[in-house]
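Each of the next two complexes has chain A plus one other chain: chain B in the first, chain C in the second.
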Partner chain A sequence: MIIDPISIALITLGGVLIGLGVHFIPVGGAPAAMAQATGVGTGTVQLAAGAGLTGLISAGFMYNFLATAPGGFGTSDFILVLASGAVGAMIMITVTMFIGQLVYVYCVGVPPVSAKVDKDPITGDRQDIYVSQGTEGHGVPTVSFVSGTIGGLFGGVGGSMVYVQLMQIGNAPADPAIVALAGIFATGVFYVNAVLASYNIGGTIEGFHDPKFKRVPKAIISCLIASLLCAIIAVPIMGGVS
Partner chain B sequence: MIDPITGLGLVALMGALATIAGAAEDLESDVGSQSNPNSQVQLAAQMDFPHRIFNKAISGEPPAYGLWCATGATVASVLLAQNMSVIFAIAIGSLAGAILLGLFSVTAHMGRTASQKRFKQPVYMDMVIGHVPSIMAHGFIAVFCIVSFSYIMFEILGHPFPLPLLAFLWGITAGAIGSSTGDVHYGAEREFQNQPFGSGLNAAQSGNIVRKAESGLRNGMDNVWACAKFGGPVTGLALGWTVFFDNWRSTVFSGMNAVIAGLIIVLILILANRLVEVKARKAYGPYKDEEGGAEPA
Partner chain C sequence: MSAVEGGPASGGLPPNTIIAIGVIGGLAGIYLTMLNQTFDTKIFSVMGGIGSIFAVVWGADAVRRVCSYGLGTGVPSIGMVALGMGVVAAIFGLIIPETGILPIPTILGPVISFIVAALIGLVIGVMSNKILKMNIPIMEKSMIEIAGAGSLVLMGLSASIAGSFAFNDAILPGVVSTGYIAIVFIGGAMTILHPFNANLGPDETQYRTLYVAIEKAALIMVIAGFASLTVIDAVSAAVTMLVGLLIFLVYFNKFMKSVHREAYKVVGTGLLPSAEELE
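Now for the complex of A and B:
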């Protein structure tokens, strides 16, 4: 019985990228929904999954187009599918953060501000004096916005990588059963890694400038182990044992 | 392969459906009080503020909407396989999703409220009867629109994912967007209109939600009335943009050009966000003086 180690490695890498991406996404959880914390007012897993799965839809479209075209599926096609997934996720997350920002600014009436740094590392704007009393910041300042976009990039690439690899093992791009199985597995791997990363974050994170971001190495190790287990289960089910 | 003009028309139709779906999704979560702002509704009774706000947090909105939409799309797929007309199949499927939502709403509300007996929070039966149809109606519109644009994507644009999976994934996205955008209007503004406008909620005020309405005692209907003026429409805009932009770039362009077009959209949004940030900082000003001391005069 032989299991292709490259497939296992790429699925695991995809899972690790998802876990890494979640740490970049600025989420304030329930406090942010009351403008009590910086970031988007929802849970880590929810937003990361929403973005990553939008990327998965885009990647699925692109994969189907390239894999069913004459000439087969090459390395450049692989990169194109990953890029498509990444951009799909980035569009979702930027649109969500932007509209969320409009709600904070025009509905709640608060300026976007980070409570974790005195100056925005990208724009250099002073932050601490714009934090309203009794809160941990509010809205999505530029540094968090850029961080979230990077998070979407990693999440989209990771999710697409898992999907493409499973489809390559299934080796039947037009078979709806294989597509459904790969899609559901990719979603599952996404949730496993997003939840693990969420435990590491512990509720809220503002982005790569947040001190909590230093916990990333722990998440990478956990996601590596969890994704490896997922890959070992997924590959034989997709028919990847010879 | 369909011609580009028809493709663009379909993408526009999908964007319009997604806009309605997003608005209905957010408003449903306002009538029923779901997701993060519901933590305050839950907390209110415990802080000695009994209320008449419908309290249902079945789960986070994304998995909840994933479930309703996947249910709707599965029923629709079965009916379509029996050669039923598309509109009827999707409508009946969405009805199944809405009934499931109604069932979960009743059990979640009664379970949550009954568990707060020790805090003297009553279960108002008139609220259950009054709110659940409205929750189901909003849910029906959201599920119908999401399954409809998933159907267009699957059947006409040729997306490889089966309809239930596609609707499931879009349901998760719709829930994530609703929970991230429109709910902030409900959580940070409508629930706390008794606090000064123009600041985040002071943690010391947690649980002190507004319990009196423009007339009588406030309930979920009063909340959806207010949130329909801003939170709902902007949530619709967010889901509409996501669906439209993501499909527009792959319809108009192909290959790497579609990726570049997507990156340009992302860049524009980053710049637009910066403009809004600068405008907000100028308009509202700091809460403390430059030395970080007392409030400015």
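Now for the complex of A and C:
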């Protein structure tokens, strides 16, 4: 069948998970690059794409291993690939946050602190007295770190879900043309959703404790429509190549 | 973070002229690669690269116009979304006539890609304004333009690597399977996002931004020529690289001249002082 509703639904769900995951990642943007805002000092798209593409690579490796093994590709294999993608993305985002944290604490010399809450919702530590005047926090406090890891989880699962579905439609796990096509399509869908989510948060967010996190429903609707459009276009293509 | 918040970009060529240059130049470049089949050669692959330069100029100008309002999330995001939408649309348009699902002649592939890209751009633009409430008056129009330019850049560079825009015969084995599509994706996004990102500020002018756009597009063209060494023959690849290098040198020179002319003063700082000199 050229247009498979289940594949379209799963690719759309993957896109929505990517959009959701971006909201969890502590993005500081340009102010954080000068240690004047909480989060890692770069844009949403770069952070989400870095983590998401790493997740895509680890998911692709796992998919190739499982799909070419005797016995075919079952439901438990599907979950394993998603887990592999999630772990890849989570490792990438945590390493980025950790190294960024080392730079903020030992090189810039600022305490990791959130300006959006008075007490860290996880550790209960006092935050407001450590925020330097005229800034919006610095570094990556515990709650943002945990939030970022959750973001990596969602982004990784979403990206690998898109990739696996496209590979399943292509139905040729060892064909480099199908692998490359599914990979570039997953990347395209990833960027579209990550950018829509970053437009929703307006550049910077600290994590799930940030007031901006309440805007999530709007991003989910947007990502749903955008991913649905991309999925309807992508599914016949992958079916057409094989 | 855009330095110039609010207000439309002004000066230079009017938007409609640039749109015409981008659409006609971009599509013409892609279609002129068909001369390869007519004359049974690969030498006209260079036209794809030249077409992509026109599309880049259009894309960079659209980025310049929309980013003058301040997106709140930095200029690079819009360049990445351009190629994100562009790659989905371009491959769809090129592949659909070849699958035979719809009775469309193969020759219409690039035009279908372009229309699909504009459609995706319209949906994303409308959502940005209506659902995400970005309130940028030209968002819908700009997103259509940026997606269209993204798809043209992708097709132009792919055609210059593979020597043809036929998907199953040329682009799939030559650009997708080899992985060059990743270079085209990121490189194409860079050419669209970088010119305004590098020039933004209160003294930004259109022609200086577009000099950078042409210069960057020519650089990616050189890289595409280098990639096509392994896909088509060495002479055609060398032609693409040489033409790209020539355009790069001319426009880099123009850019440097305009910087020197418009800067208050350009001074050399010399080398870093040694430890003794500092004491």
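Methods note: the second predicted complex is superposed on the first by the 237 of 242 C-alpha atoms of A that agree within 3 Å, B and C clash if a C-alpha of one lies under 4 Å from a C-alpha of the other, contacts with A are read in each partner's own complex, and residues count from 1 in each chain.
The rule is simple: contacts are C-beta pairs under 8 Å (C-beta built on N, C-alpha and C of every residue); 3 or more make two chains touch, one makes a residue touch a chain.
None of these values were measured; they are calculated from a predicted model.
Student: Considering only touches as defined above, state whether A:6 meets chain B (first), chain C (second), both or neither.
Tutor: neither
Student: Looking at A:44, would you say it contacts chain B, chain C, both, or neither? Reply first, second, both or neither.
Tutor: second
Student: Mind telling me which of the two, chain B or chain C, contacts the most residues of chain A?
Tutor: Partner touching more chain A residues in the overlay: B.
Student: Go through the superposed model and pick first if A:90 touches only chain B, second if only chain C, both, or neither.
Tutor: Once the two structures are laid over each other on A, A:90 reaches chain B alone.
Student: When the two structures are overlaid on chain A, which partner does A:236 contact: first (chain B), second (chain C), both, or neither?
Tutor: In the superposition, A:236 touches chain C alone.
Student: According to the stated criteria, A:103 is in contact with first (chain B), second (chain C), both, or neither; which is it?
Tutor: Once the two structures are laid over each other on A, A:103 reaches chain B alone.
Student: In the overlaid three-chain picture, which partner chain does A:138 touch, first (chain B) or second (chain C), both, or neither?
Tutor: A:138 contacts chain B only, not chain C.
Student: Starting from the residues of chain A touching chain B, keep only those that also touch chain C in the other complex, and list them.
Tutor: 29-31, 43, 45-46, 49, 176, 180, 184, 187
Student: Help me check something: in the complex, which residues belonging to chain C touch chain A?
Tutor: Residues 1, 71-74, 76-78, 80-81, 83-89, 91-92, 95-96, 98-99, 101, 116, 120, 123-124, 127-128, 131-134, 168, 172-173, 176-179, 181-182, 185 of chain C touch chain A in their complex.
Student: Quick check: in the complex, which residue numbers of chain A touch chain B?
Tutor: The touching residues are 29-36, 40-43, 45-47, 49-51, 53-54, 56-58, 60-64, 80, 83-84, 87-88, 90-92, 94-112, 123, 125-126, 128-135, 137-142, 145-146, 149, 173-174, 176, 179-180, 183-184, 187.
Student: With touch defined as at the start, can you tell me which chain A residues reach chain C in the complex?
Tutor: 2, 29-31, 43-46, 49, 176-177, 180-181, 184-185, 187-192, 194-196, 198-203, 218-219, 221-222, 225-226, 229-230, 233-234, 236-237, 240-241
Student: Considering the complex alone, what residue numbers of chain B touch chain A?
Tutor: Residues of chain B touching chain A: 35-37, 39-40, 60-62, 157-162, 165-166, 168-170, 172-173, 175-177, 179-185, 187-189, 191-192, 197-206, 230-231, 234-235, 237-238, 241-242, 245-246, 249-250, 255-256, 258-259, 262-263, 265-266, 269-270, 272-274, 276-277, 279-281, 283-284, 286-290, 292.
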